[in-house]
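Please go over the structures that come below.
There are two complexes below, and they share chain A, which is joined by chain B in the first and by chain C in the second.
And then the complex of A and B:
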C-alpha cells in the first residue's frame, strides 16, 4: 500500500477524482477539489499522517495506524465527531458516522489515481521524486528569473 | 435507567447514534446550537454508557423522581475564520487536551483547533496553491 502523491501543477480541476471516489464508496466521497480564486485547483484528502491526530482523538479504536495507512473501521465508530475536529486538514467527515480516505484498500491502486486524466495523482514514489527533481532543476537553471 | 451527568457531556451525539431504542434524540440548529435529549428509559441496556467518550452516563436503578426528559443544549463555537458555529466548547476542549501541543499548530505556526473543517481545507488549498504559483514561474 502506497500513499497518494499530488502534483498540483498538473491538476486541471475536473473533479473526476471526487466523482470516482464517491462511486466506489457508496456515495460518500473523501476527496475535495478546492479551487483557489482562478489560480489553482487543489485535490484535498487524507494525508495518512505519521502522527495522526484523528487516531489520538478516537476513543473507540475505529481509527488506527495500519502501516503507512490510517485505517478506519466502521463497526467501531460511534459517530462522536471527535476525529472530524481533530483532523488539522479537515479531511475526516462525519455524516452520522465518520468516513475518510482508505486508499481504496485492499486494492493496490486507489481509484482516484486510476481516474485522474491529468496524472496529477500518483502512488508511485519514483514519479513524485522525478517531478520534484525536474522542478528544482528548472529553477536552478533559470536562476529564479521570471 | 440512564443517569446523565450534564456537566460532563460533550454534546457529541455518540449516545444518540448508538441507542438501539431511539430514547436519545438530538436536534441541531445548523451553525448555532445543538441539543441532546434523554427520554427516561426502563431498559437494562448500557450501550450508551459504554460508548460515551466523556463517561457522562451511568446505569442506575429506576426511580420515579427522575424527570421524564433530560435535556442539554450547547451553543456552537464560531469558526475563527468564517464565523459559523461548528463544534461545542466541550468538544474543542477535549481535542486540545488529547492532541499533543506541537501538533496543534500548522506549518505556518497557526493553531487550527478553533477553525472549522471547511476553512481548514480552504487554508490548506490556499497554502498549496501559493507554492504552485511560485513554481510556475520557472
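And then the complex of A and C:
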C-alpha cells in the first residue's frame, strides 16, 4: 500500500475523485477538491501522516497506524469527534461516526488514482519524483517560468 | 478499463455518477399517454397504435413532409440509422439530430475544406504534439480525459495556447492564455494567419502540393493586423503574435475546438478559419498535428455518419442529389425516397409554430430545454397536432407529448457508438431493461412495423450488417473485430486496420487537395446597447451534462452544483451593488431568469457567463442562426442584470 501523491500542476478541478470516492464508500466521500480563484485546484484528503494526530487523540483505538496507512476501524469508533478536532488538515469527518480516506484497502490502487482523468493523483513515488525533477529542470531552462 | 487506448480506465465525474442515473427513481418504466395534464400508463400495444395513428394521420391529411423526426446523438449508430430510415421510408425529409446545436458547422466547414468531418487525429496522439492550441473549448471540464494527453505532451516539452472568453480550468493548462471577446474568433485567427504569412512561417511545400486557394487567403487576411485584431478581440497584439509564432514554428501543432467556435452565427466561418490556419502551416496528416473538433455527446459523430441529418443520407451522401435517393431507394426496396434537404432541428421548431409541421417523433432529445429561446420552443411544440417522445426520463419536452415511450438506458442495450475521435466501439448490455422499457432499436422497429413498413431487425448486429453494406467508411467494422478500443473509421474492408490519422495521403476532394476558404470577421447577431449592456455567453461545467435531464437527477452531482449561477466581473457587479451569492435577475429581449451571482475575475468586464444545464439559461439565448449550418448563436446574447430586491 502506497500513499497518494497529488500533482497540483495537473489537477483540473473536475471533482471526479470526489464523486468516485463517494461511489465506492457507500455514499460518504473522503475527498474535497479545493478550487481557488485563479483556477488552481487541489484534492484534499487524509495525508496518512507518519505521526498522525488523529491516532493520538483516538482513545478507543479506532484510528491507528498500519504501516504507511492510517487505518480506521468502524467497529471501535465511539463517534466522540476528537479525531476531527485533532486533524491539522481537516480531512477526518464525523457524521455520527468518523470517516476518512482508507486508501481503498484492501485494493492495490485507490479508486481516486484509477479515476483521475488528468493523472494528477498517483501512488507511484517514482512518478511523483520524476515529474518534480522535470519541472525543476524546465524552470531552470525557461528562467523561472513553470 | 485500464487497457482502453483513450481513457486508460479513468472517468469524469459524470461517468462516476452513471449508476445514479441508470437506477434513478424517475426512470420512465411504462408507456404513457396524456389527456389534459393527466398521465396514464398504457400497454405497449395501445402506445404503438396511438403513435401509428398520430403520425399516420398527419401524413394522410397533410403529407409526409408535415412530420418531423429528431434522432439522438446519445443513441447507438444502429438506432440512428433506423430512425433516419424510418423517416425517409415514410416519405419525410425532415430528420435531424442535436449535432445541429453543437457541430453542424464542423460538418459543413470541414467537409468543404478538408473533405471529411471528424477529428483528424485520435485523442492519444495529442501526446505527440509540440504545440496544442485550444480555442473555444473548456475541455478540462467537458472532455476531462483529454487533459491527461495534453499533460503528457507538456511532459515532453509541448506548449499550450488557450483562447477563451473566460479564465477556465482549461486555461490552467496554458502557457499562453488569450482572453478574447465572445464571437471574435475569426478576427483572432485571421490576424494569426497574417503574422504567419508576413513572417514567412508558412509551409510552402504543403501549400503548393496539397491545397488550393492560398492566394485568396493572403488577400483576405491582409487587413487583419495584430493591432486591429487586438481592438476587435481585446487580446493584446503581442500575445496574438506570440501565439502565431508558437503555433507555426512547432514541428507538430494540433488545434482543438468545440462549442466556442461553432455556436455562433459565424460558426461555419470560424471552423473554416481554424482549418485554414492548420493548412497554411502544413499541420495536417501527421502525428501530433491536425484539427480536432471535440464532440459533446457520446455519439454525435456516429449520428451524423448514419445520416440523421437534414442534408445527408448515411455516409454523408447529399440528400439533394437525386443519385442518393436512387441509391438508397434500391438498397431499401422503396421506389421513391424523398430527395432534397429537409428541415433542420431548429427549423422544425419554427415549422411547428407556423403549422408547416403537424406531428413530431422525438427520440432522446429535450429541445424544450436545450434549444435557444425555450419559452418559444414550448409554444411551438404545443402547436403540434401530435407529439411522441421517447426518452429515459420525463423531460420538459416529454411533458408536452401526447404519448411517451420508455427507452432503455445505455446499460440495458447493445450496439456501436462512434466517439469524438471516430472510434467505433461496441457497447455490451450489462443489465436487462428496467420495467417495461425497451431499447430504441426495438421501439423504432415496432413503430415502423405498426406503420406498415417491413423492418425486420431483431438485434443491433443485423442493422450493423446493413450499415456495412451501405456506408463505405464502415464497411469493415463488424462485431467480431470490435475489441477494446474498437476501430477508427475509415475502415473500408474487413482486413483494414482503421485510419487513426486522416489526410496523410491527400484529401478526399477534387485533385486530392484541401480547400483554403478565406473568411471575413462578422460581428455577432446581437449587439449590446443601453438597455442590454452586457454580453451573455453560455457553456458547461464539469459536473453536469448538456440540458441536465440526466445529471440534475444525480444526487452526487447535484450536491456539487445545485443552482444556476451567473459569473460577473467585480467591475460590473459593484455599481449594481451585486455581491457574490446574491440572487439576481438576468434578462434579454426574450425573457428573464433568476440566478445566483458569482462575482469573479474569470470573466472580463462587459461579459457574463451562465451554464446551460439548468432550464433558466436557454430562456435567454437567441435563436439567430448561422446561415449555412443553421446552428443557433448560444454564445452571444445582449443582456442586463439587476438585483432581485
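Details
FYI, the second predicted complex is superposed on the first by the 144 of 146 C-alpha atoms of A that agree within 3 Å, B and C clash if a C-alpha of one lies under 4 Å from a C-alpha of the other, contacts with A are read in each partner's own complex, and residues count from 1 in each chain.
Just so it is clear, a contact is a pair of C-beta atoms (placed from the backbone, for glycine too) under 8 Å apart; a residue touches a chain by one contact, two chains touch by 3 or more.
This is a predicted model, so every value here is computed, not measured.
When both complexes are overlaid on chain A, chain B and chain C end up sitting side by side without clashing.
In the superposition on chain A, contact of A:78 is made with chain B only, not with chain C.
In the superposition on chain A, contact is made by A:87 with chain B only, not with chain C. Put chain B and chain C next to each other and count what each touches on chain A; the higher total goes to B.
When the two complexes are overlaid on their common chain A, residue A:60 makes contact with chain B while staying clear of chain C. Touch criterion not met for A:50: it reaches neither chain B nor chain C. Using the contact criterion defined above for the overlaid structures, shared-chain residue A:40 touches chain B and also reaches chain C. In the overlay built on the shared chain, the residue A:97 is in contact with chain B alone; chain C does not reach it.
Annotation: apex chain A, arms to chain B and chain C, angle 120° (C-alpha centres, rounded to a multiple of 10). In the superposition on chain A, A:23 contacts chain C only, with no contact to chain B. After superposing the two complexes on their shared chain, the closest approach between C-alpha atoms of chain B and chain C is 8 Å.
Common to the chain B-facing and chain C-facing surfaces of chain A are residues 39-40, 138. Within the complex, the chain C residues that touch chain A are 2, 7, 9-13, 15-17, 19, 140-141, 144-145, 147-148, 151, 155, 157, 167-173, 542-543, 556-557, 560, 600-602.
Residues 8-9, 32, 34-36, 39-40, 42, 44, 51, 53, 56-57, 59-60, 78-82, 84-93, 96-97, 135, 138-139, 142, 144, 146 of chain A touch chain B in their complex.
Within the complex formed with chain A, the chain B residues making contact are 10, 12-14, 17-18, 51, 53, 87, 91-92, 94-95, 98-100, 103, 106, 112-113, 116-122, 124-126, 128-129, 131-133, 135-138. On the chain A side of its complex with chain C, the touching residues are 10, 12-16, 18-20, 22-23, 37-41, 114-119, 131, 134, 138.
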